[in-house]
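Structure first, then comments.
Chain IDs A, B, C, D and E follow the sequence of writing; residue 1 opens each chain.
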Amino acid sequence: MSQPQLATVKRICWMLSLVVVAIPFLFPFLWMISSGFKGPTEIFGEPSLIPRTWRWQNFVEVFEYQPFARQYFNSIYIACAVTVLTLLLSSLAGYALARMRFAGAALLMLFLMSALMVPEEVTIVPNFFLMKWLGVMDTHVPLILLPVFGPHGVMATFLMRQYFVALPKELEDAGKMDGLSRAGIWWKIALPMSRPALAAVAIITFLFSWNLFLEPLVFISSLENFTLPLALSNFTDPYGAPLWHLQLAATSLAVVPILIVYLIAQRQIIESFAMSGVKG
Amino acid sequence: MTRLTVRNLTKSFGKLEVIRGIDLDVADGEFVVFVGPSGCGKSTLLRMISGLETISGGELWIGDRKVNEVQAAKRGLAMVFQSYALYPHLTVRQNMGFGLKVRKESVDEIERRVNEAARTLQLDKLLDRYPRELSGGQRQRVAIGRAIVGDPQVFLFDEPLSNLDAELRVHMRAEIAALHRRLGNTTIYVTHDQIEAMTLADRIVVLRDGRIEQVGTPKELYARPDNVFVAQFIGSPKMNVCPVEAIRSPLQRAGFSTGGATQAGLRPEHLRIVDEAEGILCGRVSISEYTGGGSLLHVEIEGAPVFLVENSGDDTPQPGDIVHLAFSASDLHLFDAEGRACDREPELA
Amino acid sequence: MASLNEPGTTVRAPRAPWLTLKRRETIEGWLFVSPTLIGFLIFFLGPLIAVVFYSLSEWNLLSQDTIFVGLANYEDALTQNPDFWQVIRNSVIFAAGLVPMNMALALALAMALARPFRGVVFFRTIFFAPVVTSAVAWAIVWKFLLQGDAGAVNQMLATVGIDGPNWLREPNWAMAAVIVTRVLKMVGLNMILYIAALQSIPRDYEEAARLEGASEWQIFRMVIWPLLAPTTLIIMVITTIGSFKVFDHIYLMTGGGPENGTLVLAFYIYQQAFEFFEIGYASALAMIMFVIVLALTVVQLILRQKGST
Amino acid sequence: QELRFTVWTGNDAHLAMLNGIAEGFRESHPDVTVRFETIPAGDYTQKLTFQIAGGNPPDLGWMFEDSIPAFIAAGVVEDIGPALRETEGYDLDDFSGPAMDLWSDGDAVYGIPFSTSPFMVFYNKEMFEAAGLKDPLAMAEAGEWTMEAFRDAALKLTEANDAWGFEFKDGEGYDSRIMHAIMPPIRAYGGHAWQDGECGFDDPEAVEAVTMLHGMIFEDQSIVPPGEQGDFFSGSAAMTVNQISRASKMPEAGFEWGIAPLPTGPAGAAPIIGQAGISVFAQGDKKELATEFAAFMTNAENVAVMAQFFPPARASVLDSDAFIDANELIPAEQMAYVSDAIKQGSVLPSHENAPKILAAMKPRFDALFRADADVPATLAAVCAAIQDEL
Amino acid sequence: MTRLTVRNLTKSFGKLEVIRGIDLDVADGEFVVFVGPSGCGKSTLLRMISGLETISGGELWIGDRKVNEVQAAKRGLAMVFQSYALYPHLTVRQNMGFGLKVRKESVDEIERRVNEAARTLQLDKLLDRYPRELSGGQRQRVAIGRAIVGDPQVFLFDEPLSNLDAELRVHMRAEIAALHRRLGNTTIYVTHDQIEAMTLADRIVVLRDGRIEQVGTPKELYARPDNVFVAQFIGSPKMNVCPVEAIRSPLQRAGFSTGGATQAGLRPEHLRIVDEAEGILCGRVSISEYTGGGSLLHVEIEGAPVFLVENSGDDTPQPGDIVHLAFSASDLHLFDAEGRACDREPELA
């Protein structure tokens, strides 16, 4: 075989093996979406990827069973709020830690970093009482505050700091010479220049909030305040038995838009991860 | 009144003392260049003047205002950075107008001054481009434009040309010189390229390790360096320095007195290849580098380190050839054991 | 005008103002970090300290009775409760299974997908897609796919003649199943991190090695892998901590069963706190978890220190 | 004024009925509205606890049978006994004795059962015919519906149909419904789960009953085994055990079906009921009003209304033709068995430490439901595991 | 037998043709330098020779072996990268021994050869350091050391000195020359610095846009460039080129024939400042840059672009002065409309 032919054969084998590895990643999505169209009885029948009868009303029932649209909206707006707040605070603090020489900065950094080692499970109980004391049980306030200020927020701060440290300093010096205040430099120079890092932090933060499960489980009790992860595990009949067809239809509804957004933005997402300090 | 006065200025980063007491007076309109090897504190000193770096000790006066604790933007200076530091998300026009906008100048005024500066620098056609759409030289010019719109009393440049290629560097160097002649602002310019320093400066400040080694006009530094460091730093290729001991007998034979000097220096361009009769020093060519206009010879002289010799004649010696070198008394630099230049009576007299 | 020649003595020389540039910077710095810092103190550090106190008491959430019991909770966990050690064992097995598998797969995928080729975007997307999918959805679907004989996985295995086990019903298989499905869920993130790291390694290294005659494997083993060490360490720390935190996945897939085979620490804490309402005991467990994670992280960081010198 | 009332149903028909009752209450209390808050059943007790511990308790709520003892022990539910006795026309004694057992302690009443639903065998008539078996209802009438008959039927059903013979309640018999799976045979064999702080799982009766179940699952392979799906309602199993509210699922199923009582065992008939009650929370600030509403909701009239979904515990309602005929899905002769079961049935075992007991039991039962399990030893292990909590 | 023969070599990246048909013969032991502006394809060509880049068309022979499809490692060459590409996790010793190790040489043999190379390059004392503990020049030397331990037939260098500062560059350049003289391997060296090319090369290959503009010894290129591009590319400061039209009358007056040439070129170092009487061209100094040994004048000549003039005399004209310039006929370069050099009969004769 000549070199080019050999290369082609190699390429084909290579692609095939990638495809095989991809199956367990891809199949659940296909199966989930297809099952979302099946009736409650068909799900348990002979498995097949294509539903025998397409049960479109699953997707109607999802919204009738519980205030799913409302819950969907809750998840979106909470995730947005968490993302915006996290970006704001983490970039502020990250900027200061990276760029400003102030007494105690190094110590503060260490101090904050210690949070990365503490799982949320550890502090959830006292936070529960804190939220009770603040009178914000069964509201979305804890779901916004805890991610922003908890370990995840610290992680975001750290990532932003890493990125700012690597940014050329001269632009900021130029801003200083131009008469910008610190806040001005941060807002007008540092932030516009750190789009990749902001994007990366925004993505992880959004996902983090979007997928949050323990906190809503603990802090939210009324249906209309549910977020998606809770709602998804809540398609049960009044006695607690799961309504699989609805659950899977709802799961598809929850996952597909995110996947589409991801597909559209995937190049930027990977780039921003690559360009930001996420790599450590 | 844009004299600049520096008194015993010091700067420490933590325990590391980087600027160790600098005294300097820059006259109104003067073009002063800081040179020195990498890490000697040039940028730090400049940044202390600009206000970007705090001052650990000493005093800094701009005009008759002590500015130690004055914010950068309020010192009335403008700075051009090595990387140009153009805001990538703003157009050229916005970049140049940024400082004025921050200072809340009226839109008309900003427009007027940006246009004026753009005309001065021939940037008119580029005003609506983004920095990434500019060539290196154009960026450099925008960076200067941004500095001049603010009408600063003092210009600061930190290695503004080091990101350009050799050709462009020569060109922009001339432009900066022309600009200074036109505007006449007091200017402080940092570079590690001594050719740049020589060609631009009214006075050169040679820094080393946070201290000033010598201050003077380019000619003074070239002709009468205060010490070995300056002697070797100024001029290219650098001055050949060897222990007097190694060449004492040839020198004596030629009638040069060496006094108490322990080191002797000779610039490559001052060494002439001559006949054996006229020759003072004699050595073997180890390498001969053709440079077009001439060639650069590496000459091994017994007992001394390799001497570089610039030969502009067409009859280039080949490696292995024995050559004889001559120089005039005024081109011989003598230094004492500490590297300080020895007084040369012949010239003082 | 004489005074102008001696700036140090001019009458206009002001005394150094209180608000020196240095002080200003410090004040601004603290202002910048204060929102984060205050939030951190209130919602993180405060609670962390509270946990220490809670852990010294016996406290039932429903009845709100609090009794100070000293170290009894710890004693109970460490010496009395047989479940505790099983939980620790499970957590360790979970981490020990998940971390290497996750990292090996992430690295393999990253190596395959770091350089562009036709279809690279497609594959990166597929491997990253589970990361953006909610853990709940992922767990629910896999729970379904992993049913005994009727599940899609076993049906597929059956077509190639393998009689798959009853995945979620046998303790060892259940542990394997939660680990693997968790790896599938999270490996995309590490893959991206590795891709980013690989792309930041100058190609020169690889080419230099190739010119010197190194095989692909030697290039990987002797050049790429050592250069990835810092990234590997970060990923290892993050993944290890993450593996101790896994809660939702297990809650939804196995509920800790069968036979407590997948009952891990995070879930156990949750159970004690929010199913049995034993706040004190749960807090003691949380402290233990904190210490474990802390110790692991420190060990890993020390290894890094050692590795880099 | 507004009363918050937590329920676990999100079913529109249920909520409509509840709102109707609330509307009725406004006749006497025009300024009172009642807000029914749905908390999903799965997390109900937990969320309710959070609300109480979080200082935001509802005024009233539905309570599960398995959580009420803990709530009583913690003192968070109000004793409404005195108030009910004083309420005019409210006949507390009309509630059947066994039904009230769980909810009262001496004179104190901590809740009123609104649903007392017996477990019945649902069966697929077509599959019975295909297996050539006698209808379970007929067997029951003839007194032949015993555990042996049940096991035998399950086996034959499995052989004759492409389906399992029997499915545990909702297919959850190995997970959240362990007690529903094992208690009917244990009781039928004369055993019990625990009594007076003593574990009963390792008594011979219980062992025998569980051994039978184990045999059905792994020898006969007539019960849907763990990890498999064999949904009765989609025709994959011939019999199941459930409460009559599940009859609402039957019209979709598309096969002939019927309900029969639980099979009898050596100890005779041992009907089992599941219960849910209404309680008033001690921390609420409108306890009197809440109590009044609880009384209104469980008076004879409203119990009859609720009977369309929730089998009542009031003897007067149970005996009424209205109740027997109320369920349009279930023929009257079958409803009679339901009625009997309610009156004679006993509630599933409960305990104030129920969550811990169940959690402690669960892994040991996981071990039980394996083909090679040593039944007596495993049950002994169950007892050992839960003894501390009893 | 380490001749290198390149026949009509081409390379395309997708649609982009980067190397457009290169023919070249490199003799055994020859030192050939590729120069050309950035992006002209120097690196690509070198990488095609090394085997790191596939060959789109044409033939490549090393010795008498056609190596188009031979793996990089089996072509018997070694390459020094611009970034040095020293493995940061390995010591100098391990870096140098890496290639031998992957080729499964015995430990003793590796040790022996690494030590030998280290001695050659004076790296003995650094063998146990890590690359990050080395200075730029030392790293450079290690990179070369790594190349020579493999005892390659051909050395390839891709801008090996461009990361060093000016001083060090001069030094390392000499070292590379010395090394080549000692080892005598066939060497191909890429740079965009023409001084480096001039001083190092036996022959220089000037590339532009994927094509060869001229091949020749440094002297040939300097003295007789084939075209304007080469003329301006070789020599520093670059050759002054102006339309013949602009200086036709002075030239005619001086008796220089311009034939059909449309452009004339004069190197700054070939212009002498002379008295009015001798002067051929006359202009006004706009900038005078002092460079120590001499000065660089920017001279405005009417109708022509600014001329650079190198003046090594001590009597430096000041800006504004009128100067007269002379040059010899052999230093006048003439080019036709396409920029090709016109034959100069006087010299051919």
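The working rule: a contact is a pair of C-beta atoms (placed from the backbone, for glycine too) under 8 Å apart; a residue touches a chain by one contact, two chains touch by 3 or more.
Remember, it's a predicted structure, so these values are computed and weren't measured experimentally.
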For chain A and chain B, chains touching each: C
Other chains in touch with both chain D and chain E: C
By count of C-beta pairs in contact, the leading pair of chains: A-C
Farthest-lying chain, centroid of Cα atoms versus that of chain B: D
Distance between chain centroids, defined by C-alpha means - chain B, chain C (Å): 53
Whole-Å gap between the CA centroids of chain B and chain E: 27
Between chain A and chain D, centroid-to-centroid distance (C-alpha), Å: 40
Distance between chain centroids, defined by C-alpha means - chain A, chain C (Å): 15
Multi-chain contact sites of chain D, meaning residues that touch two or more partners: 50, 53, 229
Chain A residues counted as touching two or more neighbouring chains: 44, 217-218, 233
All pairs of touching chains, each written as two labels joined by a dash: A-B, A-C, A-D, B-C, B-E, C-D, C-E
Chain C - residues contacting chain A, complex: 25-30, 32-33, 35-37, 39-40, 42-44, 46-48, 50-51, 54, 109, 112, 119, 121, 123-138, 140-142, 144-145, 150-152, 155, 184, 192-193, 195-197, 199-200, 230-231, 233-235, 241, 244-245, 247-248, 251-252, 266, 269-270, 273-274, 279, 282-283, 286-287, 289-290, 293-294, 297
Chain B-touching residues of chain C, taken from the complex the two chains share: 4, 7-8, 10, 12-14, 16-17, 19-22, 24-25
Parts of chain B lying in touch with chain A, wherever the complex brings them together: 47, 50-52, 72-74, 77-79, 81-89, 98-99, 102-103, 146, 150
Residues on chain D engaged by chain C in the complex (per definition of touch): 46, 49-50, 52-53, 70-71, 73-76, 174-175, 225-229, 355-356, 359, 362-364, 366-367, 369-370
Chain C - residues contacting chain E, complex: 202, 204-205, 207-215, 218, 222-223, 226-227, 229
